[in-house]
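Naming follows writing order (A, B, C, D and E), and every chain is counted from residue 1.
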Amino acid sequence: MQTQIKEGFQTFKSIFIGMGITLRHFFQPSVTIQYPEVRDVLPAGARSKLFVNIDDCIGCNLCARACPVNCIDIETVKATADIDLGKTSTGNPKRLWVTQFDIDMSKCMYCDLCVHPCPTNCIYMVQEYEYSEFDRKNLIFKFSDLTPDKVIEVKEKLVKETEEKNREKELAQQKKDQEKEKDAGKTGE
Amino acid sequence: MKQPEEIAAYLKDKIVKGVLEFVPAEIGQPWITLAPDSIKNIAKFLRDDSELRFNTLMCLSGVHYPAEQELGVTYHLHSTTFGHTVALKVRVPIDNPRVQSVESVWKTADWHEREAWDMLGIIFDGHPNMTRILCPDDWEGHPLRKDYVQQETYQGITTRF
Amino acid sequence: MGLLDKKYHDSNIIIVSLESALNWARKSSLWYEQFGLACCAIEMMATAASHYDFDRFGIIPRSSPRQADVMIVAGTVTMKMASRIERLYEQMSEPRYVISMGSCSNSGGPYWEHGYHVLKGVDKVIPVDVYVPGCPPRPEALLEGFLTLQKKIENESIIESKPSDKITEEADRHETT
Amino acid sequence: MLEFLENIIPSSTIALVVFALFPLVLILVYALFAIWAERKIAGFIQDRLGPMRTGGFHGWAQTIADMLKLIQKEDIIPKDASSFLFKLAPFMIFTASYAAFAVIPFSSGYIGSNINIGAFYLLAITSFLTISIIMASWASNNKWSLVGGMRTAAQMVSYEVPTIVTVLSVLIVASSMNLMTITEMQTGNDIMGFLPNWFIFQNPFLIVAFALFFISMLAESHRVPFDLPESESELVAGYQTEYSGMRWGMFMLAEYADMLLLSLLGATLFFGGWNSPFGTFMSGPVWGFGWFMLKGMLLVFVMMWIRWTLPRYRVDQLMHICWSILIPLSFVNFVLVALWEMIF
Amino acid sequence: MTHQISANVQETREMTINMGPQHPSTHGVLRLEVVLNGEVVSRVHPHIGYLHRCFEKHAEAMDDYSKVIPYTDRIDYVSAMNQEHGYVIAVEKLLQLEVPERVEYVRVILAELQRIASHLLGIGTFGLDLGAFTPFLYCFIEREKILTIFEKISGARLLYNYICVGGLMRDVPDSFKPETADFVKTFRPKIKELNDLLSYNKIFIDRTANIGILPAEVALNYAASGPMLRGSGVSWDLRKNDPYSIYDRFEFDIPVGSGEVGTVGDCWDRYMVRVREMEQSLVIIEQALEQMPDEGNVMEAVPKRIRMKEGEVYVRTETPRGELGYYIISDKSPSPFRVKVRAPSFVNLSILPAISRGALLSDLVAIVGSIDIVLGEVDR
């Protein structure tokens, strides 16, 4: 009986202590951030979305290779000799047209591993996190600034150039061969 | 507290059958290889012997060795009484992957062995409930084998991207 | 969209104001189905917790799918779970919405390539209204996903759409089921 | 009040209907307010804000939006459910709570039906709640619902005993079952010169009786720590699991109406009903109504406050508390109340 | 004349009920097939695998050891730092790599902060299972502070990918030390508040004491670890008994279950071990902050492409849920040959059928809550 009374007393005591705590919190100011109106300031280096500064990209493919999930698709076309693509802001010479630089943010796992190997620091995380979409296709971000026409043009140019080069090579080869034959003929004689 | 070498020597001394050899590793951990059909007896001995007292099975992992056409099971044991640890290994051919179950020795082996069956297709003789644990029951193949080919559809849903 | 879906053939002022009232009610009281799958569920809980507070938007959890309006697919859907997700969706009462939260449910995410047991996008089994990117999305991103969904709800209509629209809608429905 | 209505409304039937609809309007307005208030209170206790955006100021229109949405929701009746009972249960539960308001004296000018067995009627009609919950749970053909329903049946039947005994201890002090008479008996400020003549101050054992009444009241309206019928983390949503749309809304309405009903009963029996705590100051039919609601709301607030503080009991502990603590205690207390009345 | 009730009228049937995979209290996608006799549990069959995300396959498919780290985060998403720590220690052991002093301190502080965050979640959801909603949110408020610290150093809130082979992804900001110290200071009174509000609440004690008792020898046979084992009164903590990293430099106690309000090894003991462990983590953090060098290298020189020798390690670390083992076999290729995770939750959950026999349905919820499982870890 005595233990029961004691237990009953403890029950009420603990309940009142608990209610005291919740009452204290009742009058404390809330910790809520009223999101659309007020926003938390994200710390520097917060990882929310990948961004590529395509002007600086040299198309080295290091980020795509570092990506554990293969969500970066890069396609490059070699620039023809007559075109100087200039230099990146870090001073690296650009030698490739980046015809395609797609990042599928619906696959990305925001691990930051692609950022570190980049030699020109052109791929990095930005703080924009509000980009929900009605369609998944819109989550594939295309960073290449070349128009489709330009891509075709560039590719054709390269094909032409390689053809020319090949032809030159072939010519050179033929010349060599002819010379060789000549030489062989000479010696044969 | 015993070192793995001492344990291997002790085991060879006490148990005639089943203890194959002690393998010192280049880096990392050494292990003792055992015969798959005597693992249960050895496990019991390891657990009950007054100088070893391996009362917990920390980990049981199945491994596929494609080069040798073999499957293997690694047991990591630990004794809270003495604080020593040891790794045991058994190897079985892939076309007849049967290992004795140690479920009756260490209860924790129950789920680990089911997982090894599920992932690698190692059959544990004497296990009370040898069913898949992680994959659904109607799954095809054992995914952690190196030659695993992912099934195209599961219940009408394509499994590929 | 519910009982009054496309029940009216032409619009007038009463119907239009009724429509906006109904849409307002639906968008202000999105009760979500309380279940979590993986990592994103922790962030979903964080969103419901004091710091971000779902309740400000009138969003509260319901553990029975019958009473829920929106399903947040928070995390990786596996093959074993896919049929359950489908059934849960079927158990929800119209009007119902689906928010796909995080990379995994958007498209399989990190597991899209080697994950033999992972469903590559929850939209393979149920229709998704809003995709929230992130792995896991920040709580704010999830809230923004809700705001996006609210925008979608605002544009819904109880007026029967034109025949041409109807055909495409039917086609859509067939595709999803 | 009926006469007043008959004076201004030509048809006496319509007057009667208006008269009878008053509690319904009250319940609806109260539910709209209380659900919002509960969310706000929960919010403040948990250091957050609760509804903020719907309707402008502190989300005041939140419940209106909820109700409007529930009306639009698809009404699902499971294929294997017992369709008739399934449809009937929510209406029955709401009707029962509404009907019980008939004998509550809202103010000196308004009581639905001034019958002399008011307290008895009220206790009898609340038993309908139990039946409707069992009906709902059984008809749903869902295992979780069934477990929830069985729990409810056991819980509500058990807790009716201490509720009735504590109500009885007030009734012997008042020696009347008419709730209006009981309230009128508590008019005035005579105790120790300033305390109002409320029953809780008249008899020290009635304080204990009130504590017991309050605990059983929590259980009767299944609030935390006795919210087992719908305990979310165990039984998904208990007996309401299969309900959707406005049918579910009925359950919610009934739950809040039930809370109000029991709080108002508590206020009538122990805290002087519509009597002003300051004697004749601010008394009268309209003020009386205000005082009455204020007292009821305070009790409702305490119930909410408890809900957001405590974990819940287990089903066997709940029964244990009822049968081996509350019931013996309430009987002993009943005798003591009676003895005190006899001696003084 | 006595009236005999025929036997088959009295007969009761057992009811099989499915808890989950979608159920508010199963902490994810666990499915429990419960055979009920009335409300008493006769048998429980846990069905797992609803979150099997093929971690081990991914680890083998990655062509670099460091690419596995983001996936380790996702094994136990509640204590990602501990997971990374365990994996990285294993790889460093294979590489026979020593990491700089400062790195070790930062890692330990992060691991302990993560332990607190994880325990806060475990405690909060445990309270939630028992119907106490408010303590859950109070725990989350505190957890949010830790996440803010983590976000400042790593850029992510939940899955960090911060600890890498040979060091840290980037140096900690200057604000790290004062902020952590500040958190330690403000968190101590909150533990007391939690104790008042929940731990010593009589209803809570009634619900958890003498429920789901796990005797020490059963726990060892099942290889239980972490608070699950310590709750049963076995003083076993890898940070002390088999120290890794620099844990041998700190002084702290191992809290064990003592049966303070019930029997040793009941749900309350397991819960309380977590609460007390948070205090001990604070003690460790304080010491580490004091000893931590202010300046220093945070990255050991590791070749870009790790060339591994043949070998294997089994490395175990103490995560909030218990002993996390990484069994890594390396061959000469750049990707691991086999990575097996010995997940503490997986092992701890397998005890559930043994300790829940004869409990009530509501107790089952309490028992599952007190094991504190993370399904990502159970299913991997």
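Definition applied: contacts are C-beta pairs under 8 Å (C-beta built on N, C-alpha and C of every residue); 3 or more make two chains touch, one makes a residue touch a chain.
None of the values given here were measured: they were computed from a predicted structure.
J.: Which contact partners do subunit C and subunit D have in common?
T.: A, E
J.: Measuring centre to centre, with centres taken as mean CA positions, what chain is farthest from subunit B?
T.: D
J.: Which chain's mean C-alpha position is nearest the mean C-alpha position of the whole protein set?
T.: E
J.: In whole angstrom, what separates the CA-based centres of subunit B and subunit E?
T.: 25
J.: State, to the nearest whole Å, the distance from the C-alpha centre of subunit A to the C-alpha centre of subunit D.
T.: Averaging C-alpha atoms per chain gives centres 60 Å apart.
J.: Give, as an integer number of Å, the spacing between the C-alpha centres of subunit C and subunit B.
T.: A distance of 45 Å separates the two centres.
J.: Cα centroid separation between subunit B and subunit D, in whole Å?
T.: 62
J.: Going through subunit A residue by residue, note those that touch at least 2 other chains and give them in order.
T.: Each of 15, 18, 21-22, 25, 30-32, 34, 68, 109-110 in subunit A touches at least two other chains.
J.: Residues of subunit D touching 2+ other chains?
T.: Counting only residues that touch two or more other chains, subunit D contributes 42-43, 45-49, 52, 232, 236, 308-310.
J.: Taking each residue of subunit C in turn, which ones touch at least two of the other chains?
T.: Touching at least two other chains: 34, 49-51, 53, 56, 63, 80, 107-108, 110, 112-113, 116-117, 121, 135, 138.
J.: Mind listing each pair of touching chains for me?
T.: Those chain pairs which touch are A-C, A-D, A-E, B-C, B-E, C-D, C-E, D-E.
J.: Where on subunit E does subunit B make contact in their complex?
T.: The touching residues are 48-49, 52, 54, 56-57, 60, 93-94, 96, 218, 220-223, 234, 236, 241-242, 309-314, 316, 323, 325, 327, 329, 338, 340, 342, 346-347, 350, 354, 379-380.
J.: Can you check the complex and tell me which residues of subunit D touch subunit E?
T.: Within the complex, subunit D contacts subunit E at residues 42, 45-48, 143-144, 147, 224-225, 227-228, 231-234, 236, 308-317.
J.: Show me the residue ranges of subunit E that touch subunit A in the complex, using the header's touch definition.
T.: Within the complex, subunit E touches subunit A at residues 62, 66-71, 74, 134, 138, 141, 144, 151-152, 154-156, 159, 161, 169-170, 173, 193, 196-198, 200-203, 304.
J.: Touching residues of subunit C toward subunit E in the complex: what are they?
T.: Against subunit E, the touching part of subunit C is residues 34-39, 41-43, 45-46, 49-51, 63, 65, 75-76, 78, 80-81, 84, 88, 110-111, 113-118, 135-136, 138.
J.: Within the complex, which stretch of subunit D touches subunit C?
T.: My answer: residues 39, 42-43, 46-55, 59, 61-62, 64-69, 72-76, 232, 236-237, 240-245, 248.
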